[in-house]
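Consider the two complexes below, in which chain A is the common component and chain B and chain C are the respective partners.
Then we have the complex of A and B:
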C-alpha cells in the first residue's frame, strides 16, 4: 500500500503544471459550486422568511370564497369566537385580524387600483414585521385620523409625500360606493415593488367605519411557535369552525412553496453541472496520463505487477488528486460561507432588478452540514466513477506495449 | 539442464483477416547458463519468440514449458505472477519508472515480490554496485545516460533472481562504448553467477559475444550454432 501511494503520488507530480491546474480547477469548481449552493439556499430562505414574517404569516383564515371573489361582504363569521380560540391555543404565538377591500386610490396626478388593508396596529406589530418596511414617516400609530401608508413606488407614481392626502374609494358591504380622504403618514418599501404599487395600509377601525355597520374582518394572519405546526393548527381551525377556511402558507402561497422546491432543484442542478465538469476534468487528465504511459504500464505488467495493482495505482492517483483539490475547495468554501453568513454578500448593483422580483440584494449564504457532507460524498463518488474508465483501460493494456517503439 | 522448451510453437497474427505467420512450428530448448543471441532480419520472428518464451504473448499453437510449467496454459494473473518470480526483462527502450531513482527502480520488483525491506535495500545496492552505478543510485532516469539506464534495467532484471533474462535489442539505442560496457556486465554475470541470457538482436557486437547464435528467417529457426568467444572481446 505504501509503495502504491508512493508511486501514485510521484506519478501525479510527474507533470506538476498539469496536476496543479487540475487541482486548482477542482478547488475553484467546488468552491464556486458550494458557495453558489449556499447563496441559492440563502436567497430562497431569505425570501421565504421575509414573506412569512412580513406578509403571509404561517397560516391564515378567510371566508372560503374571499380569496377568489374578493367581495367585502365575504367576511369571517364568528370572529370573536375564533379570536378567543386563537388566544387560548399555545401553538399560536401571535395573530392579527385584517379588514380588506379592493378600491381606487385617487391623487391629483392619477388614479390607481389598490388593495386597501385595514390593520390593528398593536396585533399587527406582534404578528408581522411589516412595520420595519417603513422608510419615511411613521407607521399608522402617530395619532393622525384617517391615516394611510403607501408603497414607495405608488407614492412616486402619484407624486405624493408625507402629509399629502389621497382619496380611497371602495364598495361597502351593501355594494354602495364610499369614498374617504386619507392622510399619508408613512411610506413603506417591501422587497417587492409590485407589492408596493398595489397595497395601501389603513387602521382597521377607519376602514370598518366606512365599510360596514359592525366590525368585519376578512383575514386573520397567524404566527405559530413553529412553522411545522401550521398543518395541525389549520386542520383544527377548519374542524372547529364552519364558514371559514384556514390555510397554511404553502397553500396560500403556492409560488412560495414552489420556490422551496425550485431551490432544491437548483441546488441539485448546480451540483450536477459542477460534478460533470469535475468528472470530465478527471477523466481527461487520467486518460492523458494513461496514454502517455502505455509503454510504462506495459512494462509494469511485463515484469510482474498485477493488473489489480495497476488499477489501484491509477485509481489512487485520481483519488489523491481529487481529495487534495476537494479538501482545499471545501475548506475555502466553508470559510467563505462562514464569513458571508454574517456580513452577507452585497449585490447592490442588482438591487433594482432584484426588488422588482421581490428579492433582497444582500444575501446571507446558508449551507447545512448535511448538504456539505452530501457534496463531499458526491465528489468522492464522481471521482471514483470518472477514474474507473481510465483505470479499466489501464488494466487491459497488453504487456507487449512495453516493447513498442515510441 | 534445459530450462526452456518450445514445442511446435506457432503464432499467427490476424488469423481472420490477413494472416501473418510470425512463428512457424518452432522447436527449441535453452539450457541453464546459456548466453544466446537470436538474430534475424526484421519480421523474422525473433521478438515474437522472446515474447512467447517470456509469457507476454500466447501462441496460436504449440507450447512453451519453463521448468516443466506450460506457461501458455496459465491464466493471465498466474502468468504475471510467474513472470515476476521467474523471468527478467531488459527492454530496448530501458523502460525505467521515470519518477523513481535507480535504487527504487531496482527495488520495485522486489517490493512486488514482498521481500524483506532490509534485504531489498541491500540487494538493490549490491546490484547497482555490480553494474557500476553505486554512485548513481539516487539519480533518476532523466539524470542518467542511455547506457546507465540500460545498466539499471539489467540490475532490475536480476533483482528478482529470475531463472533467465530476456533482452529485446538491449544495445539498439546505445553507442559502442555503452553497448560494450553493458555486454561486459552481462557476460560477467553469466560467467560468475551462471545467469541465463537470451537476446534478440541485430547488433553484430552482441552476436559476436554470444556463445550460441540462433538465426531466424520467416518465423522459423534457420540456423542454431555454438561459437567460440574470445575472452578478450
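Then we have the complex of A and C:
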C-alpha cells in the first residue's frame, strides 16, 4: 500500500502540467457548483422575502369564501376578538386589518377594473414594507381626504398625476353600486406590473364609510417573529375562531409557492447540467492522460505488477488529485460566497435593455452548509467515477501491444 | 495549403480515439450550453406565444392616440377600403383580425364584476388563434348574434353558465351610455389567466352597436405567414399608413413588461452560462493539454525533418478547425434531438400543483429558438479555438531536440 501511494504520488508530479489542469478542472467545477446554487438560492430568497414583506405577509386570515368569491359582504366575523388574540400572542410581531373590494376605476380617459384595498396606515406600516414602493407623493398619510394611491402603470394608462381625481365604483354590502371621488396622493411601483395595474390603495376608514354601515374587514395580514411559526399560528387561529380561514404565505400565494417549488427544480436541473459538463471534462482529461500512458501501463503489467494494483494505482492518483482539487475549490468557493454575500453580485451587465422592475439587480448568494457538503460530495463522486472508467480500460490492455507501440 | 489540409485530415484519423474524445468534449460542451438556454427560455416562449395569439398579434394597427389613452374615443373607422389598403401593403400579410376592446361591468341578477369586453369576428379570430378549440362548454356565437362567450373564471365568479343571461354596463364612444343583455352561448378555458377571469367576447358588430361605435375598431391585428417577417412587414405598413392617424406596433412593443421580466429572469441563467463556459473551458483545456503532451515527440520529429514551425502550426490549426466544427455540428444535432426527446419535462408532486394553481401547465417546456443553437454553438467554437492556442504556443517554444528524443 505504501509503495502504491509512493508510486502514485510520483506519477502525479511526473506530469505537473497535466495534474494541475485536472486539479484546476475540479476546483472550477466545485466553485461553479457553489456559485450557481448560491446565486439561484439568493435570487429565490430575495424574491420570496420581498413578496412576503411588502405584500403577502407570513399569514393571512379571511372569511373562508372571500378569496374565491370576493364579495364585500364576506367580511371577517369577530373582528374585535381576533384583534385581541393577535395583540396578545407573542409569536405575532405585527398585524394589519384591510378592507377590500373589487371595483372600477374611472378617469376621463377610460375605465379599468381594480381591487380596492383599504388599509390602516399605522398598522400597515408596521406590518409590511409596501410603503417603500412609493415612488412619488406620499403614502395616504398627508391628511388629504378620500386619498388614493395607484400603481405607476395604471396611472400612466389613465394619464393621471398626483393631485388628479379618479372615481371608484364598487358594490356595497347591500349589492348597491356606489361611487366616490378620490384624490391621487401617491404613485407606487412594485415588482409586478400586473399588480400595479390591478390594485389601488385607500384608507380603510374612507372605504368603510361608503361600503357599509359598520366597520368591516376582509383580510388580516400578520408578520410573525419567525417564518417557521406560520403553520402553528394558522392552525391555532383556525381552531380558536369559527367563520374564518387563516392561511400561511405558501397557501396564499401561488406565485410564491411556484417560486419555491419550481425554483427547486430549476436549481437541480441547472446544477445537473454544470455537473455533467464537469464530468465530461474530467472524463476526457483522464482518458487522454491514460492513453498517453498506455505504454507505461503495459510495461508495468509486463514486468509483473498485477492488474488490480495498476487499477489501485490509477485510482489512488485520482483520489489524491480530487482531494487536493476539492480542498482548493472549497476554499475558493467559500471566499467567493463570503465576499459576494456581503457585497452582492450585480447582474446588470447580464440583463439586456433597461429593465427597471422592482427586483434588485444585486443578488446576494445564499448557501447552507448542507448544500455545500452536497455539492462537495457530488463533485468528488463525479471525479472518482470519471476516473474509474479510464482506469478500468487501462487494466484491460494487452501488455505486449501496449508496451510495443505508442 | 492543400498539403496541409490533407495532413491535418490524416492526422485526425491516424488516432481515431483521440479525435473521438476531443470531438465528444466539444459536443458535450455544446449540448450543455444549448440545454441551459433552452430550459430557461422555454416557459417564456410559451407565455409570449399565448400573448401574441390571444392578445396582441404579431403586428397591430391602432389610432395614434390609443397608446396614450386607450379609450373608445380613440377607436378608428374600419371598412373594406382600409382592410384592402392594409392587406395590400405587403404580400407577406396573411390575415387581418379587427377587434374592439373596452372595459365594462358584467353582472348577473345580484352582483357585478369588471370585465374586459372584446368584440371579435369569430371566424377570423378562429383562423388566427383557433379560439373555438379553447371552448370548455357550449359554442361560439356567429356574427350578429346578441350573445357572449365568457372566460371560465368570470363565469364561476358570477355563477353563470351556458344559456344564462349576462348584463353588460358601461360607457360607449364619446360618453354614450352602453348597456345590454346577452345570452351566454359558450364558456372558454382561456390560456391566459387574467383573461380567463375577466374576458367577455362579443360578436364585433354587436359590440360596435352596444358601444355606439358603428364600423369602428380599437385595433387591427395582423397575422403573418412567418413570424420572421414581423419587422419588414411592420416597416412597409408604416410607410403605407404614413401621414394618417394610424400607427403600427410590433409585438415586442406591445408587451414590453413581459419582455422586461424575461430579461430580468434570464440575467441569472446568463451568468450561469458564463460559469458553465468556465467549466467547459477547463475540461476542454485538460483534454487538449494532454493531447499536446502526447504529441510533443511527433512535433519534435516533424520540426527536425524540416517542417517549418509556421507549417506545423497551420496543420494544427486546421486540425483544430476540423475538430471544433465537427464537435459543434454534432453537438447541435445531439442537443436538438435530446431536447426533442425530453420536451416538455413533466413536473410532479408539489411543484406540479404549484404551477397548476397559477394557471399553467405542469411542464417545463424547452425552447427551440434557432438563435440559441447558433449563438451557443458559436461561443463554444470560440472557446475551443482559444483553448487550442495552447498547443500553438507550445510549438513556437518547442525545443526540437528534447522533444524528438523524449
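Convention: the second predicted complex is superposed on the first by the 329 of 406 C-alpha atoms of A that agree within 3 Å, B and C clash if a C-alpha of one lies under 4 Å from a C-alpha of the other, contacts with A are read in each partner's own complex, and residues count from 1 in each chain.
In the analysis below, contacts are C-beta pairs under 8 Å (C-beta built on N, C-alpha and C of every residue); 3 or more make two chains touch, one makes a residue touch a chain.
None of these values were measured; they are calculated from a predicted model.
Looking at the shared chain after the overlay, A:69 reaches chain C, while chain B stays out of its contact range. Judged by the touch definition given at the top, the superposed model places A:163 against neither chain B nor chain C. Between chain B and chain C, it is C that contacts the larger number of residues in chain A. In the superposed model, A:399 lies in contact with chain B only, and not with chain C. Contact with neither chain B nor chain C is seen for A:243 once the two complexes are overlaid on the shared chain. By the document's definition of touching, of the two partners only chain C reaches A:36; chain B does not. Once the two complexes are overlaid on the shared chain, A:274 sits against chain C while remaining clear of chain B. By the touch criterion defined above, A:14 lies against chain B but remains apart from chain C after alignment on the C-alpha atoms of chain A. The interface of chain A with chain B does not overlap its interface with chain C at any residue. Those residues of chain B whose C-beta lies close enough to touch chain A in the complex are 47, 51, 54, 56-57, 76-77, 80-81, 83-85, 89, 91-93, 95, 97-100, 108-109, 111-113, 156, 160, 168. Residues of chain A that touch chain B in their complex: 3, 7, 10-11, 13-14, 295-296, 299-307, 309, 399-400, 402-403, 405-406.
Interface residues of chain A, counted against chain C in their complex, comprise 15, 17-18, 21-22, 24-25, 28-29, 32, 35-36, 39-40, 43, 69-71, 102-104, 109-114, 153, 157, 159, 171, 175, 177, 193-194, 254-255, 257-258, 260-262, 264-266, 269-270, 273-274, 276-278, 280-282, 284-285, 287-289, 291-292, 345, 347-348, 350-353, 355-357, 359, 361, 363. The residues of chain C lying in touch with chain A in their complex are 17-18, 21-22, 24-25, 28-29, 32, 35-36, 39, 68-71, 102-105, 110-116, 157, 170-171, 194, 198, 257, 259-261, 263-264, 266-272, 275-276, 278-287, 289-291, 293-294, 345, 347, 350-351, 353-355, 357-358, 364.
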